[in-house]
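Each of the next two complexes has chain A plus one more chain, namely chain B in the first and chain C in the second.
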Partner chain A sequence: MEEFIESFYDILDETEKNEINKNTDFKNLDEWDSMVTLMLIAMVDENYAKQISGTDLKESLTLENLFMRIQSK
Partner chain B sequence: MLSVLPKHEVHYLDEIDNYNFTEKQSAKLGKIMGYGSQRIAEDGTTVSDLCVFGMNYLFKKDLLDKESIGAVVLCTQSPDYFLPATSNVISGRLALGQDVISMDINQGCAGFEVGLMQAFMLLNTGSIDKVVLLNADVLSKKVSLKDRNSRPLVGDGATITIIENSTDDEEIDMFIKMDGSSALSLQIPAGGFKLPSTPQTGVLTEDESGNFRSLDHLIMKGDEVFNFVQTKVPEMIQEMFDTLKIDKSYFDYYLFHQPNKFMLEKLAQKMKIPYEKMPNNISQKYGNGSSITVPLNVCENIGEKALNNSYKVCFGGFGVGLTWSIIKWKLEKLDFCEIINY
Partner chain C sequence: MKEDNFSLIDKTILVTGATSGIGFEICKQITVAGGNFIGIGRNIEGLHQFIVDNKLALSKAVKFDLTALDDIHLLVSELHLKIDGFVHSAGIANVSPMHFFNYSEYEKIRKINLDCVLVLFSELLKKKKINKKSSVIFISSISAIRGAKGNGLYAITKSALDTISKVYANELSSKFIRVNTLQPGMVETDMSLQAENILSKDIMDIDRAKYPLGYGEVKDIALPVIFLLSNASKWITGQSIVIDGGRTSIL
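Right after this comes the complex of A and B.
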């Protein structure tokens, strides 16, 4: 989980580190856009060998929710 | 092989103002995705214009004998007309004989491989000795200027590949798969018979990420397509290695379709193919011209060297359909391999 949050933070450019934790509503970050989405998909594929879909993102509110979905795949 | 590119060049940074994103965001996107310049056809330039121009160049330079052509196969998704087939229009404009078979194939980013498959079948009939494979698109006309997902990567152009039987018995191996259940992941919703274009289908609407496009425009589900490529292409490469009992060191070049720099980089990483064996410069320099990217890749990155050397190459395409394909090919010395401007 820690690692996942760290890797997610690495994708971002303009967001402060203290804004990123397991309860972060990541899709409401100012920086969130289609490119961050793509980079997130790529990161999960690389680090966890799992594919996340648009539905996974839609149905996850926080980073913790998303991480749980990845784990259950 | 010959590539024909429209002269007109568009630069990503010049168009940033069209998008509904901050300049900083768009600049970062450009850097990561590798957006640079694109070749865009002038309004009114059609697929047949680009192909006829290229063919006439080959005739004039004595690189191709008109009388030797047995068939013309055109792969495009932006034909001049619904009907007739654009390949027939091209045959007519070139005054090819009545024995020349013409046919169109509707394929995009895997269209070079699918076109080759068709060319091989024609050669196998025994009555055709030379096939002209044309790959051409002017799809930029169907991409919204305010669509930051697709506009920065589209490119126009044509390529001409001449295929004839060789004298050696080198095998060509081809792997093609299609998934029609994801057919609409990449589409132009309106303009066909299902949903004819009307003033209403031309109205721009904003999507959830701030891109504006109409139903007449190309729309791509970027995340689905990305997942598809990252999963299916490495699987197929592995299948090829296993089936043919070769490994990744076998090939001199992996000449793949280039949607954008980011995607191909991720693909190379995943398959552990060194970057120098998998050129990744076409989309930044010319844009993604659908089925032309693979032959353009050959012209740009092997170019003149192809006239005097032969290479073991792996062609790869993936995209609309969804379709994905790879070919193992020994590229023998080519008669020509260059890029010209229209």
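Right after this comes the complex of A and C.
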């Protein structure tokens, strides 16, 4: 989980580190846009060899929720 | 009898990607236009059934994995006749920003979308399996001419198809072999379904709204392919033609 949060932080440019933790409502970050979406999908593919879908993103409120979904794949 | 310049009677067309989506529809429309096809793909059951159901004695489905570049010469040696046209519709896409460039992913996409055509076309020419006045069509994409996010690797392979088609057109002009590409916008197939699964329906709906005529159907690409295969287009070569329901012509 720590690693996942770190990797998510790495794909961001504008967001402060203290805003990113397991409870972060990531889709409501100011920086969240189509590019960050694609980067997140590609990061999960590279680091975890798993494909996440639009539905996974839609149904995950926090980073922790998303991480759980990735792990259950 | 009146000459029908749009007919494909007595013509045999080699089609890659023939087992699904746009390529499968191209095979169906070749049949409607009176021609025969040799369709290539890995999962040929559906195409084979189509041939059986319609009693197409002169068409066939050939099981072949186009990533096996070293075996393409075998595929060509086994061709029992000379072809009058060649359509490359096999293709795969992925969604990944260039930030995450990955060489093996690049190689995988490039093999199917681009490299196999270079090998296959060269073999067809060397073994003289392609008739004079043949027509060759590569299915490119509007991704080749627009910088869509996440589409980089796919775009590289498609723009390469567009460019190389002009070289072929020039090199083969003395045989009157014509070479063109079509650049479709989003067409409803397995490929667009896959995009919807990755990106979600909401994002696809926003994209769909940018198409003045909506997303395309496989016929919208297959019928222009038939036109390019026929004599009706005998003065068209070295061109890349956008077919996208108006997507790239609006602000």
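Here, the second predicted complex is superposed on the first by the 73 of 73 C-alpha atoms of A that agree within 3 Å, B and C clash if a C-alpha of one lies under 4 Å from a C-alpha of the other, contacts with A are read in each partner's own complex, and residues count from 1 in each chain.
The rule is simple: a contact is a pair of C-beta atoms (placed from the backbone, for glycine too) under 8 Å apart; a residue touches a chain by one contact, two chains touch by 3 or more.
Computed from a predicted structure; not experimentally measured.
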Overlay on chain A: chain C relative to chain B, clash or fit: clash
Partner chain(s) touched by A:N21 [first = chain B, second = chain C, both, neither]: neither
Which superposed partner A:Q71 touches (first chain B, second chain C, both, neither): neither
First (chain B), second (chain C), both or neither touched by A:A42: both
Which superposed partner A:D13 touches (first chain B, second chain C, both, neither): first
Touched partner set for A:Q51, first chain B, second chain C, both or neither: both
Shared chain A surface residues [contacts with chain B and with chain C]: 34-35, 37-39, 41-42, 45-46, 51, 53-54, 57
Chain A residues touching chain B - in the complex, by the definition given at the top: 13-14, 31, 33-35, 37-39, 41-42, 45-46, 51-54, 57
Residue ranges of chain B touching chain A (in the complex, touch as defined): 21, 24-25, 28-29, 32-33, 148-149, 209-210, 221-224, 226-227, 230-231, 262, 266, 269-270
Contacting residues of chain C [partner chain A, same complex]: 95-97, 99-100, 102, 149-150, 196-203
Chain C contact footprint on chain A (complex, rising order): 11, 34-35, 37-39, 41-43, 45-46, 51, 53-55, 57-58
